[in-house]
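Dropping the structures in below, format is structure tokens.
Both complexes below contain chain A, partnered by chain B and then by chain C.
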Partner chain A sequence: MAGLSITSVKKRFGETEVLKGVTLEIEDAEFVSLVGPSGCGKSTLLRIIAGLEDPTSGDIAIGNETVTGVRAADRNLSMVFQSYALYPHLTVAENIAVPLRMRSLSTSQRLPVIGPFLPGAQNKRADIASAVQHAAEMLEISALLDRKPGQLSGGQRQRVALGRALVREPAAFLLDEPLSNLDAKLRVQTRAEIAQLHRRLNATFIYVTHDQVEAMTMSDRIAVMMDGEILQCDAPSVIYEDPSDIRVAEFIGSPKMNILPVEVRDGALSLFGQSMGRAAEGAQSDVFQLGLRPEALRLAESNPVLTGSVTHVENLGAEVFAQVDLADQTTRVTCRAAPTERHKVRLGASVGLSFDLRDALIFDADGKRQRRFEASLSQPVEAA
Partner chain B sequence: MTRDWWKHLVLILGAIIVLAPFYMMVSYSFKSPGEIDRGIGGFFGRQEMMIDPRCVALRQPGRADIEAARTRFPGQDDAGVQAALLAETEADCSMRPAVFNYSKAFTEAPLIRYLLNGVIVTVSIFLIQIVVALPAAYALAKLKFWGREAVFGLVLFCLLIPVHAIALPLYIMLAKLGLTNTYAALVVPWTISVFGIFLMRQFFMTVPDDLIDAARMDGMSEFAIVWRVMLPTAIPALLAFAIFSIVAHWNDYFWPRIVVTGNRDLFTPPLGLREFKGDGDGSFFGPMMATATVIVTPLIVAFLLAQRRFIEGITLSGMK
Partner chain C sequence: MAVIDSPAIPRKPAQVNRQARTAWGLAGPALALMFLILLVPVLVAGVLSFSNYSLGNSGFDWVGVQNYERLFTRSTYEKMFIATFTYVVTAVPISVGLGLGAALLVHSLGRIGDIYKTVYFLPVMATLLAMAIAWEFMLHPTIGMVNRTLEMACGTWFEVIPFLANGCADGFPLWLGDRDYAIWVVCFIGIWQGFGFNMVLYLAGLTSVHRELYHAAEMDGAKSAWERFRLVTWPALGPTTVFVVTISCIRAFQVFDTIEAFWPQGGGPNKSAYVMMFAIFEKGIQQNLIGIGSAITMLFLLFVMFLTLIQRWLVERKVHY
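Moving on, here comes the complex of A and B:
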């Protein structure tokens, strides 16, 4: 068990720069998710941590020890792959035993016929067998030990892959989209099991996913990656409620955050020509972007800030998402309604929307969050 | 009657064309020379007793034999004893044509020795081909190195070179090294199989990279990955390659004919067929076809045994 530190790691494949100087500190026993759209470099980063890929520059340290240039096997990390990567010709027990056999048995002791009879081999083999048994019990796959991977279901293979990872008691677990080959129901179940496993083992987990729900539900911290950079690394609630970049805000949260253009002139903030409030600070004139979560928008009968007509409704039972085309604009926003309000958001109905400016996030034209500007906003007019 | 009957008709015709030579081979191996010459006797021939003329010629009773046998035929003159001895010899030398053909196949030439040579040569070639092709194919399929595509291009290019084009330089090289008339001459030129490298490389391309990365994480060296991960997953492809390789080299007549000159201890089975190629006094088709039957039988048996595994292997994607 150990923490990890990644220091300004860069990676380029030919002309394309996949990682542009990533720095990340991971505490011992922490569960960190690397999340981002495909092609953002998260898998490459994981492979560099694992030692399967060499960084172009930068350093990786595991528990204060620099491992750059160290062979993957000697870093004592375990990896779970998206395709499980079980050895198809070995049984489940043999699959789980491979890392231990490679580590503790000598080359001659691994020989098929005479190997078991060499001095010291018996004890080591017994140790390995009991470690395999222990791992199998923890993952509830004891009954499957004699089967081949081809005879297992996806979920069972996933457990075997986890077993192979945890049996070597690694410094850290690296998981590369381990749930994406499972069906939706099994995914939810396995998600909970991996989180439990993390608590039980109290080990460092680095989890790569493109699924924000997995990242939100399992992690201690989420590192949102885009275009080869970590945009923000924080606890899930911070990432959701207090993103520092518009790309993070848009990526996390489903349905997506609504982005509306706002204008600032001499400290006055206006949205589609309506005055929204005044800012004491940052009185420069600029075009900013206003981020509003679907749940920040309310249906309003009187004095609506925005009006429009409902073009699409998604009823999820516990909540209803309505897409509203704003009246004077080509902008479309998504708004969350309670099931009791369902009759108000029928298709084609015209609705009024309002929001509390305190729920809104303000970004500059480049997408950087304007926290000081937000803090200095006052709301003179009753927007709601 | 299905509407696909004509497809079956075409297939049946094809099967007949392919099987007819085998039918003739097996049939001739049962028949007497007379039946073969006249083309009678159906598949098995009539299996009438026949006299082996060479056996009789070799055991023609001489003066000493007549003297020694005189006591057994009291009251006969020399001509009488000779006639009686001749009759005995003919009785000894007469047998069923099938027995005649097959016993000739094994006694006239050291066929067992040839079969053993065939096994030694084909198995050595196949094993060394695997030892060379698997690591090469792994490197071409899964490792990144400068010039990989160029090397693979060379492999493809080598596929285009016919064996016969390079037979002469190969022979000269082997002769200069003093290797003609050795097992090495039969084996060494075939140890690097570009076809094997190509076939295995194509198969390895389908093995997920994750599996190799997992093996690396588990602490295997690149060579361990080749032999402990890639080899077991490649069994179906190896079986397919084994059929190509073993059939080609077991049946090869051209190359052994070139590098084995004279030393019959090194003859491979197809060279054994030459034993019955009578130059002046006509060919012994019966024993020759019996030899041919003996030579092809191991291949057919091996294929029938491996067939299920082979087809299973090809239909199973193996990895998923």
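Moving on, here comes the complex of A and C:
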């Protein structure tokens, strides 16, 4: 087990720059998710860490030892692939045994007929069999050991792929969207199991996904990647509550964060012409973007900050999300309502919304978070 | 036919009959053709193999298993079996092996691979009969290109090779006229002509190998090309290999063109290249001994059937995962 450090890794494919200098430190036994939309370079980064792809520039180190230029087979990493990549002609037990056979048996000891009778082979083979048995028990697939991958369901194959990864003790586990081929129910279940597995093995996990829910629920830290860069790498709660870039704020959270344009003029913050509060003296006049999570907006019958009509309602049972077209504006916002308020957000109903400015995040026109500006907002809502 | 319909709907017997008639009517032409041009000739050959029929004769006598008895007792037919099996046992493994090797090499190349693909496939497209005539000229003992090239090595350090040393001293082989070489020359030409076809089949098989499996093999510690081949490529090529081997075997049993072009009068020096197809042709057509010709044909059919059954069994049991 070891930590990893990735130092200004760049990767180009021809003219396209896929990774633009990624730097990331991963602690020993940490679970880090690389999350981002398709094509952001997260899988490429994982493959560079694995050694299946060479970086154009930059360095990878595993446990303080630089491995740039070292081939994948010598990096002592395990990987679970999106397609599972199980060997179709081998049984489950043989599939799980492959990494051990390749590493502990010599070429002659692996030979089909005479191999088992060569000196030393018997003991090694027995060790491998018991390691396979142990891994299978951990993943509860002992009953499947004699089957071939073609006879397994998607979830079972996924477990076999995990078994093949954890049968030896690698420096780190790399998982490339391992849940994306599973159905929704199985995905939730396996998600919890992988998180438990991480706690049990106490190993370094690097997990690539495009699903922010997976990243939020399993990780110690999330690295949000976009356009070949890591925008922010922090604990899930920090990423959600305190994003430093508007792209992170918009990507994480479902439904998406509401973004409203706000203006600062002579120190006064105004939203659609309504004064919202005052910034400290000296704040420059500019246009900003106000980010509000759906749960930050609440239905208000008196003194609403925003008004509009409900155009779409999503009832999830425990909560209701209503999309509200703001009156006289082209903007649409999503707000969360409690099930008890469901009658208020019927389709077509007029609703008033208000929010606490302390729940709002303020970004500049380029999308950078303006924490100092937020802190300088002296008055909570004084308007309307 | 009726399976398409929902079984829940009860139907009248008349309707069922009409559907059955339509079904037979539609399948009829194909069945009739199959009977006429495949099964009937096979049956006729089977029947004639127990007779002494000759074309033009008004009648024939039943001779029982005499024709088959001859096949297994006379030295001519012993030579036929030896030549045929020598050819099959040599040409099949080598042409399959070379086909696989060439496919792996071509597959690993980029655009240059296309040139090699064309080069290796050219002999497959050429007419074997014409190619055989060209080879006949090349293998001519005195004016042929092969022996004249070999003679160039005389007097150089190449003479350390015993074959060349003997050749320079006593003259190079007669090739097509030498009974120790004749069948091997036929094998060589068969391999040269056939492995390009196997290569193309293997190339098609290689495109279906999942690329991520190679990455998995690398992560699992398969470092050498041989280990990756054993772990990923070879198992994935299983179905292709069964097909290629079966096709190559059947083609090998069918070898005829080269023999007919080299030795139209009798299957090589001392009948050393007297293969089954040529025997069928010589007995059945040239000598008008339909009975014995049919008997060899039935035996030929038996071998091909046997190979096909093995292929079916392998495909169903072993190579599909």
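Rule of thumb we're sticking to: the second predicted complex is superposed on the first by the 378 of 384 C-alpha atoms of A that agree within 3 Å, B and C clash if a C-alpha of one lies under 4 Å from a C-alpha of the other, contacts with A are read in each partner's own complex, and residues count from 1 in each chain.
We take it that a residue touches a chain if its C-beta (ideal position, glycine included) is under 8 Å from a C-beta of that chain, and two chains touch if they have at least 3 such contacts.
Predicted model only: the values in this text are computed from it and were never measured.
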(message) Once both complexes are superposed via chain A, do chain B and chain C end up clashing or fitting?
(response) clash
(message) Quick check on the superposed pair: does A:375 touch chain B, chain C, both, or neither? Answer first, second, both or neither.
(response) neither
(message) Looking at A:87, would you say it contacts chain B, chain C, both, or neither? Reply first, second, both or neither.
(response) both
(request) Classify the contacts of A:77 with the two partner chains as first (chain B alone), second (chain C alone), both, or neither. (result) both
(message) Quick one: is A:148 in contact with chain B, with chain C, with both, or with neither? Answer first, second, both or neither.
(response) second
(request) Considering only the touch criterion stated at the top, classify A:103 as touching first (chain B), second (chain C), both, or neither. (result) both
(message) If we overlay the two complexes on their shared chain A, which of chain B and chain C does A:52 touch? Say first, second, both or neither.
(response) both
(message) By the touch definition above, which chain A residues appear in both interfaces, chain B in one complex and chain C in the other?
(response) 47, 50, 52, 72-74, 77-79, 81-83, 85-89, 98-99, 102-103, 150, 164
(request) Write out the stretch or stretches of chain A touching chain C in their complex. (result) 47, 50-52, 71-74, 77-79, 81-83, 85-90, 98-99, 102-103, 107, 148-150, 164
(message) Can you tell me which positions in chain B touch chain A when the two form their complex?
(response) 208, 210-211, 213-220, 229, 232-233, 235, 318-320
(request) Name, in rising order, each residue of chain C that touches chain A in their complex. (result) 210, 212-213, 215-223, 227, 231-232, 235-236, 238, 321
(request) State the interface residues of chain A toward chain B in the complex, per the touch definition above. (result) 47, 50, 52, 72-74, 77-79, 81-89, 98-99, 102-103, 150, 164
